[in-house]
């Protein structure tokens, strides 16, 4: 059994992680840390865990957590774990971090988009970007995982085969992404209240959303040259789900949708969690809700010479807690899909 | 492994059953029957099953199904399986039926509420009402299970401790029940369209909903005398969830909420899926959504002398597919919670 | 033109009031008061008012407001206007208050349910309970209106004909009420966040919701004797709408639904905003959403001898802002439905 | 008073039209035609109209309708009015048609996208594309109006200033549009059922949605050259609202958002229903829900040289019934905003 601690257990990503771990055959939760709710039980905050996870929430004690755990998941906002993580890492305990802090190779990029100096740039060399389908080998031996964000997971995987094979004009990429409200976390902000969200939709942070830089870093690495692209996030009145509609101009206009679909199926042939739709079919978010799958379909617009790729994930599973467990499975030599191989809820 | 066939696999209850069985450690699906979609794969109809359940849907072949299966789940409307079930039962294969057909002890009651003669009254003696918490022993040896409806499961369990202990005036029972839209099944009717349901709620079939007769049958059996009660169903704009608010006058007005909560905890002390809330707390449907749990809380209104019990289930899990699997587990000597012990989605 | 000020203009009830007044043929808004947003325009807070109501929000200035206004609407929580209202009333300006402060005849009842002394008991004699259909004559000459709450409007009107005609056992009344989320106002509390509300429902404050006392006060007055009843509120995932399902035992079991419907039609024959459904039909909240109508249907459960009345309103129109305007119309001798006679949105 | 008949009164667009007309100061409804519900009252089908529009629905009688009406609104699918409209037009009665039939200048384009010959190509010369902000003068004298679709209204108005001023590369246009479910009309199809739509989103008809041809026709006319673009519709779980996110490359990368916003404000300075947001602000669909407004905001992505315009409408008001009334107002010399100048519901 892997001994696990979760820091930030009562946020939505943390709670989803506990939901998954509570039925993972090799997981043993040893500590749940919550600054706000220390002293209460997990099931006091989320009654859905009653009789399933009644563990008492604790305050932060780095030494205890490090000495009791094989791996620590930190599910806090960027910057919030900047003292905890180096301290834990020093003791040789594996870390899977949900924030942006260990996703970047270059601390300058981090500073530019997050507006603050990176707290532990010396650790960036020890950390791996935890997009399992692209970095499986590096993840296996990593000390720290920068677990990717929801928009980025959905967008990078949608474009990777086209970018790596240089099939598109790199200047033409537009990603129009739509997210459910859990993407904002367990928030009291008025913007995420029921009455403001339901029967409403909006774009936000156009041309300046931080995930843009993550997507660009990863696609540039695949392309072998710098890619700059347009990314627009939207808030949609549902709980779970990110859908990214990705547009790019084909370099060779003669490519058919079928050819590209074949390419995608081949590119992802060893990836259990990637499902490529047959020609004429398109994914929907309820096909993946509650699961760790990434569903993709694509079409070629022959009139304009563009390829349009649509990809869907559950933002708090494959976009957060599920991918974190997938990373853990890889790091500990377990079957990659262990504990996260359930089908979507659909309903 | 238990060999399982599902008749009516593409309805919502059928699909939910396949979702559960696809991860049940002792279940092997051998046939999925669908009149409408025979020849297509399950994952053509529900893309969420892609790579998980790609079994081809078949037309009905009683002999083949009976000879290949240890148990057949029939998830069709009442009356629709009236030839299939006797034919399968005759061959000694266990049946778990989702319709109302085998829920009644008296075919006259069935006729009165369903407006049609019962198709196989001779089998009622061999069938057991599949409310696991009340009929565990009878279910273990039954040939046919009449799997209870969602409203009834939620209502009967909410009132059973009060009724069996004769703590309430039996003439005073009012059940005000609220259901999500999956309760109507996979329906094309305009009434269940998104635009008619969202931002809307309504009561329907007041004083004449068929589930009333099921609730009365079971509570009367517990009381040892005939109980007639008021039951009002409501349609609420959510997918999964039934919440029943049950009112009754206490015979002894001196009972406190704490005393009654203690009674409930004792009454259900051996039932994994029943969770009784502490005094001052109340269940919510997202505490149980996607799970097989029945969550209950209660309050005493000292001013009026009434006890109010609130109970919540997921209508297509504990109210249909999950309870069906619970019944199967009991019938085949497996741990009762096998394959259905996950916590709720919450989000 | 009636000169109008609104105190608390940026809450949901206040904003809905501005929405209605902006198209009311006899209304002229002179001041909009908001403590939180003074200095900004109404359309900065609610962009829906752009080019329609760009009035600048102001801090509270009792003298200016009183001297410029014919009527002041105070849309603040109970107690919050306790200094403002006496000061304005003293200057002879009419007041329509959305809080509970002027709804009670007896300050002891107020203290008992709100846990605080009433701030200006001397004004209770000058205030009228603004349930237009019951107190039209008194409202016409009132100085202060205690504008009723949403649950109470829906519940009292549903039961008034039965109570006033003494057709039911007064001890048997149960009101099971369901509310949309705007009922909680413009709130940042986690309980009202999208992710906590959508796909969820719950009962709350069983046997202790403050509106119980308002309903009892009014029904007791109609009955000529003290009525104590059970009232249970529920939170439902929609924005606009309250639906109350009211149960009571008929004194004379021979009454038919048709007879009672005829009685209701007669009782409310002069009330434009009350619509009684024909036998066999039931109201739904989208029949009234966005309108000032109160739709009611009823059934008799012959098996139990109960009458069940279902009534629906839009909680922020007839349950708040619309009824407030209806009160204003009556107070100023305008046609009662002026500016609020639109049909529901339905969609 | 303008005498009005509505053909297809019980579809969602028809019902919304009746909702608006019921309070329009110059409108008198003389006939409501419904094939499915002839003989019933409008308020039998939509109870929200009880006591407001209890007009009896009739079957089609071209002569009676033409002789009694000043204008006929036809709210039927494309092709369905192909005999009615020429017959009515012949009698000199004005027609405002909600289908695609009279939106095209070239019947070949119609045939290409709708897969059928146009039924009355000879009338295309007498018909005007009813996008009021662009064709106000032509509409005033038109015999037949081809009332634009929802996606097209939202998209064309979003791009018109950029296209007419040739500020963007015409080959670079991508429109990513999101629609609420009323866009599908009053449909019984499973795809639009509550359980399939809620908690789900999807793209559909990529590179082949018919509205593409309408958008291209109009933008090409403004550009003075042929424009071909990418248009992707998405289905979003809300009722009212279309949001279009439009991307294009600026020809001159030095343009700032502020300069373009100034240009938009100038371009639309005489259009009551167009609201341009200040720099840094973006529209949301609940800012326009229930209203005839078109709200737009824009940003410039300096890193990629793209302008991104976001526009929002209520698809059944400005995208159907409201714009139809706006057209009527123009045709009959009334103030353009009469009867449709209400603010959005917001809640």
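Note that the chains take the letters A, B, C and D in the order they are written out, and that residue 1 is the start of every chain.
Operating definition for what follows: a residue touches a chain if its C-beta (ideal position, glycine included) is under 8 Å from a C-beta of that chain, and two chains touch if they have at least 3 such contacts.
Predicted model only: the values in this text are computed from it and were never measured.
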Pair with more cross-chain C-beta pairs in contact, given A-B and B-C: B-C
Chain whose Cα centroid lies at the greatest distance from that of chain B: D
Distance from chain C to chain B - Cα centre to Cα centre, in angstrom: 38
Centroid spacing, where centroids are CA-atom means, of chain A and chain B in whole angstrom: 36
Two or more partner chains touched - positions in chain C: 12, 182, 195-196, 198-199, 237-240, 283-284, 286, 347
Chain C partner contacts - residues on chain A that touch it in the complex: 12, 181-182, 186-190, 192-199, 237-239
Chain B residues within the chain C interface of the complex: 171-172, 174, 176, 178, 195-196, 198-204, 206-207, 228-230, 232, 234, 236-241, 243, 245, 247, 282-286, 289, 299-304, 306, 308, 310, 347
For the chain A and chain B complex, residues of the former touching the latter: 12, 15-16, 19, 22-23, 46-53, 182, 198-199, 239-240, 272, 275, 277, 281, 283-284, 286-288, 290-291, 295, 316, 341-347
